[in-house]
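Across the two complexes that follow, chain A remains constant while its partner is chain B and subsequently chain C.
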Partner chain A sequence: MPLNKKLQKFSATVRSVELGTGDKTTTLGGSNTYPFYTFDNPTTNTAKIGIEISDLGLAEEPDCMKEFYAGCETVVDMAKKAVTVEGADFLVLKLIGGDPNGENKSIEELVETAKSVADAVDFPLVVEGCKNVEKDSQLLPKVAEALQGKNVLLMSAKEENYKNIGAAAGLAYDQLLGAESAVDINLAKQLNVLIKQLGVDVGKVVMNVGSAAAGYGFDYCISTLDRVKGAALGQSDDSLLMPIITPVADETWSVKEASASEEDVPEWGSVVERAIDMEITTAVACLSCGSDAVILKHPTSIAAVASMIKALV
Partner chain B sequence: MAKFITIGERLSTTAPAVNKAFLARDPEPILARAKQQLEAGATYLDVNIGPAEGYGEDLMKWAVQLLQSNFDNVPLALDTSNKAAIEAGISVYNRAKGKPIVNSADAAGRIENIDLAAANDAIVIALCNGEGIAADNDERMGYCQMLLERGMEHGMDVNEDMWFDPLFLVIKGMQDKQMDVLNFIGDLTDMGLKTTGGLSNNSNGMPKHIRPIMDSAMVAMAMMKGMTSAIVNPNDLRLMETIKSCDIIRNETLYADSYLEI
Partner chain C sequence: MTLFDRVFNGSDAVYGLTEGAINAAIEKHGADKEVSFPNTAYSLPCYYGVTGTKVTNLGELKDALGVAKSLMTREKRLNDAFMSGVATALCAEFIEVLKYIDGAEPYSEPCYGHLADAVIRELGVPLVTGDIPGVAVILGKAPTADDAAALVKSYQAQGILVTLVGDVIDQCAEKGVNMGAGVRVIPLGKDVTAVIHVVSVAIRAALIFGNVAPGDAGALMKYTFERVPAFVNAFAPLDDVVVACGAGAIALGFPVITNETENIFRVPKSLIVQEDVSKFNATSLEARDIKIKITDINIPVAFASAFEGEIIRRKNMQVEFDGSRVDCFELVQTKDASEIEDHKIEVIGPDFDEFEFGSKHSIAYIVEVAGKSMQSDFESVFERKFHSYINCIEGVMHTGQRDMIRVRISDTAFQAGFRAKHIGEVLYAKIKNDFDAVVDKCQVKIYTDAEKVTELRHSLAIPAFNKRDDRLKSLTDESVDVYYSCILCQAFSPSHVCVVTPERLGLCGAVSWLDAKATNELEPTGPCQVITKERVIDERIGEYEDVNEAVKKFSNGALEDVSLYSIMEKPMTSCGCFECICGIEPFSNGVIIANREYAGMTPLGMTFPELASMTGGGVQTPGFMGHGKHFIASKKFMKAEGGIERIVWMPKDLKEQVAERLNATAKELYGIDNFTDMVGDETIAEDPETLLEFLTEKGHPALGMEPMM
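And then the complex of A and B:
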């Protein structure tokens, strides 16, 4: 009997969001099938990869990253090197130093760092805050203001601070806005509704619906991705048709499989290989469950994930 | 299944203000009522111009173009016994937001409206009655079969483009028939058919403050039976909130705390 292929067609399409300006832009989203289901419909846009650096430079980075960025004296030097990595579509600058429980850098200093990075590289840029809700609600609007005209993505507005960050990024300074919820599909939708009610153009919103390292509550994470994508496409839900970006490196590099030294657990083998494997495994699972973009750290991981994306579409 | 589809009923010649505006081709009252209904969440708008003998074609064209040009090609149900007027309306209709609905055909004198819908790639509301109200569900199902056959003969996609109307009956006077109607909706659902109907018939003659309550209860019970659409007053807030809540319970749309606002 001949195989009768039944295609799964959705009437909705995930919105395409363009990051960056001029020749150097990259597009997030734009698909109208489940991830990599090219047999249902040829994919018009592929998943994208961001490479992350932080304002803390190399101070807290593992040895393998210190090796890769060897010779870089400043964050700007690192940024220049990062954007040359094969497979990276955009740069992610994390302003971790702003954390009041950490270095507690001033907003002025962090904005200066963001500006110097944005000026130094001609590449699509994402700026992440320090993850402290109050500090980010002051910091990210200032970054949005300083980087006007660069069309950067600011991550992230949460339920607690979406008004400040949303008004600055989405209304006053015409940047892209990240909406972050933590593995809660109902909140993911709710936050998008609230941001829309604020007056922000939903075509400029990207979601982070939560992330985890593989093996660390990861089933909740991927089921959230899967259900958000399913509701967005299957129910043509306008409040969920934003592209999804998932910060992967943030989660994977700190777990023990990626960080325990070879002296402590010789039977686990090379720590660099473990860390890279963890990063690749997590990223691939996120992409196959609905992420339109992932944020990674190591060039080897980026090359591997980029080649997988290329092979599948 | 999909989200429940509401067809706004407030553009009807039975309302004197609308009738007057239709006759005078006065856009303002028509646009105002259309806007109210769409803002309240109506998907389709019903355009009931009455029989409109002699001027129906001109009037329907005018109404279709007026509404679609002002409201981003809003999908419309063309509601008249005047076949030429329906065809005239379809001739200027823009399908960007959905096919036109022919309102309506029945299993008696108006069965030819199925042919009309088929010839024009339109949706048709198919009333499961003949001459007079069906006595029981066997009779309703007999009419349904006649309508189905007619649709199939004319090549319609009967599962998508024929929306069967069980005919809601007035509770005051026909209270003992209400569960029949609801069970019939269940039967149609089991057959994989889509359903619609003039919901507020059930509360006819009841005090004004009761009607939204009864209509809400009826729509919830009908949605439990799989009903896919209804012709309603979208400006009845209680009713619209009930429909949105039922869509959440039926898992047709993802819950968010602001679900009533979207």
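And then the complex of A and C:
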């Protein structure tokens, strides 16, 4: 009996969002099938990978990252090295140092860091805040202002501060806006609606619908990705058709599987391998459930995930 | 002279001046001489915004003047006056741009004149977010310098951006008012034409933040009306030029408030005469619908949810108000805006210092609110929050509601200076902040005069409560036009949707139809959305096409159809936070109900958690449903299967809680007295056989009914 292929065609397509300027742009989104369902429709744009560094440099990085960035004196040096990593499509600069409960760096200093990185590398750039809602609501607008014309993605606007960040990034300074919600399709949708009502062009919005390390409440994350993608494509839900970006490294490098030393748990084997495995496992799961881009840290993970993407499309 | 005459005269005068100035400039510099404002990509922003044309030299400016002239139509219609006003503003812009010829710097400290694009991008963000709640344009000369300074400072204290034009700048300087963009007081210039520099801000805001296409005048005015919360305060005397400019402001949606009384014509919401300059602030905010966020509650003790559970013992009690012993009540009343002075707090009767330590007294607090979207249905929703508001005050305890309240003030709170008016401050601040979508103005009256409280309780409070109860009783599924969705629980129960109707509250018991309605009004993009009920499919089980469409949409396609009144056919789903579960009991043709607090066994052989595992998760399970306690006595309770007559068993506690209302419904529907006496509980039976014996002995009506399956 011949095999009758039944194709699942959707009328909706996830929006394509261009990050960066000139030759070095990368496109997020643009798919109209479930992830890697190339048999339903050929994939025109593949999932993308970001490589992350932070304004804190190497101070709090694990040894394997110190080794990789050996010889880098400044954050700018690290940025230059990061963009050479095979498989990385964009650079992510995290301004963790701004956290009032941490180093509490001034906004001017952080903006200066962001500016020097943006000027030093000709590569699509994502700038993440320090995750303190109040600080980010002041910091990210200033970053948006300083990086005018670079078409960077600012992460993230949340329900509490979407107006400040959305108005600055989306309206005043014409950048891209990341909308972050906590693993709930309705919260994601509501935030997108609010951002739209603010007047921001929805074609410039990228979502982070929540992330977790595999095994750490990850099922919530997965089912949210799955449902968002399903509603976006299946119901052509305009307020969910933004591409999804998922910060993976942020979650995976701090869990015990990735950080417990070999002296403490010799039976678990090499700490570097474990950390990389966690990162790859989580990233692959996110990509196969709906993320259009993931943010990773280690070059080995990036190479592995990039080769998987390449093999599947 | 009519208002039209004044606008037209002013507009003609400005046109004449502009024409003269442009001609003189062309004569001096030639028609090819470049004209521009510094640091803007928007040419002459007002002219560019309205017409879509960029002006680069004097010759083009002359052409532009012709376009402005064409707007100055002279029919005596409102639109002619408005467009003449806009044209006057354009002329002002032309006059101002001439000042900048050859890179001149026509403005010097403290005046700013033209503002750069960068300033607008920077101010635009707080304007969009509401951190700058409004923009005041103050024009002319205040009656006294003190009046000018007081007015400017009142706006400054509210975070409102103030721009100054004319003599008011000198008046403020005289009084030492700190001015500059950093403190949000921007003196523009002393000529009346300098007002264009703030109009230019509004126009560029529309182009930058509103994505309005230059030349789309309709979209431009819509944007400035809806999104730029500006208003004008113009001091008397107003000459025709100012009146003409004012018409332009009104065309952009900015109301003009003035103390001029000569030759002025009041236009509701647009041209407002307020003779008392000290009331300019309040009048302006009301006219422009500007609401100021309250960040600090002005009380001498702390206010935080940490104090919500605080208990005040008798020995630490400075004074007590106890509604079970003396007359007390709390009440929200909707009033007309004109009856309310915002933030007025009145104490009628003795204050706490006049009471003996540990004594018991009467108290009543009435919160009067007004707002365009306020509905009297919300009164009880606000009132229910009072318990939490007052409890959050450090050293104050509150229990009960309506006229059965008890409030205790601790000795330490009293010593810290806590007095009656501070209750008003808390209620005012919380109501204004939490319900800002519907409350525009709010004032509080606190009565501690016992006689007055007694009188008001009977003349005002009790009738109001009775009226509300009657309204609740009359609220039936048939008497309303819409129901509401509630998808608050979708975070953990992704496909569940509650359809909240007047007779069927949310299954958690926390969301009644009125709550859902208020939530929808307060948070229009939130979890409670309107569901229409126009296309009935089956009256008996309560199925509607529009309800089905809504359920499908809100469950993201997981559910296709749902009935409101049946437990067997397409029952409503459950998330997991139901107060009660109702399940079919096959031996008696009835149903049993178990509440969450009940830890024992039910005649179905399942405990509450076991029943819950079958019922939750947003799936339809015929024969089982989750619901709120209040629903048990509803006439719509599984109406399709015969209604409450089917109830054969409930835990004793639950039975006692609902007995009064359930018996009343049973009496009304079936003429049965003391229905709950026929309903089993755990003291009678925990297994179906014993239960059946009991029901047979009592002659329970379910036994004679059709089998449910």
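Here, the second predicted complex is superposed on the first by the 313 of 313 C-alpha atoms of A that agree within 3 Å, B and C clash if a C-alpha of one lies under 4 Å from a C-alpha of the other, contacts with A are read in each partner's own complex, and residues count from 1 in each chain.
To be clear about the criterion, contacts are C-beta pairs under 8 Å (C-beta built on N, C-alpha and C of every residue); 3 or more make two chains touch, one makes a residue touch a chain.
Model, not experiment: these values are computed from the prediction.
Clashing of chain B with chain C is the outcome of superposition onto chain A. Within the superposed three-chain model, A:Ser181 lies out of touch with both chain B and chain C [touch as defined at top]. Shared-chain residue A:Gln190: touches chain B and chain C both. After overlaying the two complexes on the shared chain, residue contacts for A:Ser156 are found with neither chain B nor chain C. In the superposition on chain A, contact of A:Ala172 is made with chain C only, not with chain B. Of the two partner chains, neither chain B nor chain C is touched by A:Asn208. In the superposition on chain A, contact of A:Ser291 is made with neither chain B nor chain C. Put chain B and chain C next to each other and count what each touches on chain A; the higher total goes to C. Within the superposed three-chain model, A:Gln235 lies in touch with chain B and with chain C [touch as defined at top].
Once the complexes are superposed on chain A, the part of chain C occupying the same space as chain B corresponds, among 548-556, 566-574 or 692-700, to 548-556.
In the superposition on chain A, the residues of chain A contacting both chain B and chain C are 185-187, 190, 193-194, 197, 231, 235, 237. Listing the residues of chain A that touch chain B in their complex gives 185-187, 189-190, 193-194, 197, 231, 235, 237, 239-240. Those residues of chain A whose C-beta lies close enough to touch chain C in the complex are 141, 145, 163-164, 167-168, 171-173, 183-187, 190, 193-194, 197-199, 201, 223, 227, 230-231, 234-235, 237.
Contact residues on chain B toward chain A in their complex (touch as defined above): 2-3, 252-258, 261-262. The part of chain C that touches chain A in the complex is made up of residues 121-122, 124-125, 128-131, 208-211, 227, 487, 490-491, 494, 525-527, 553, 556-557.
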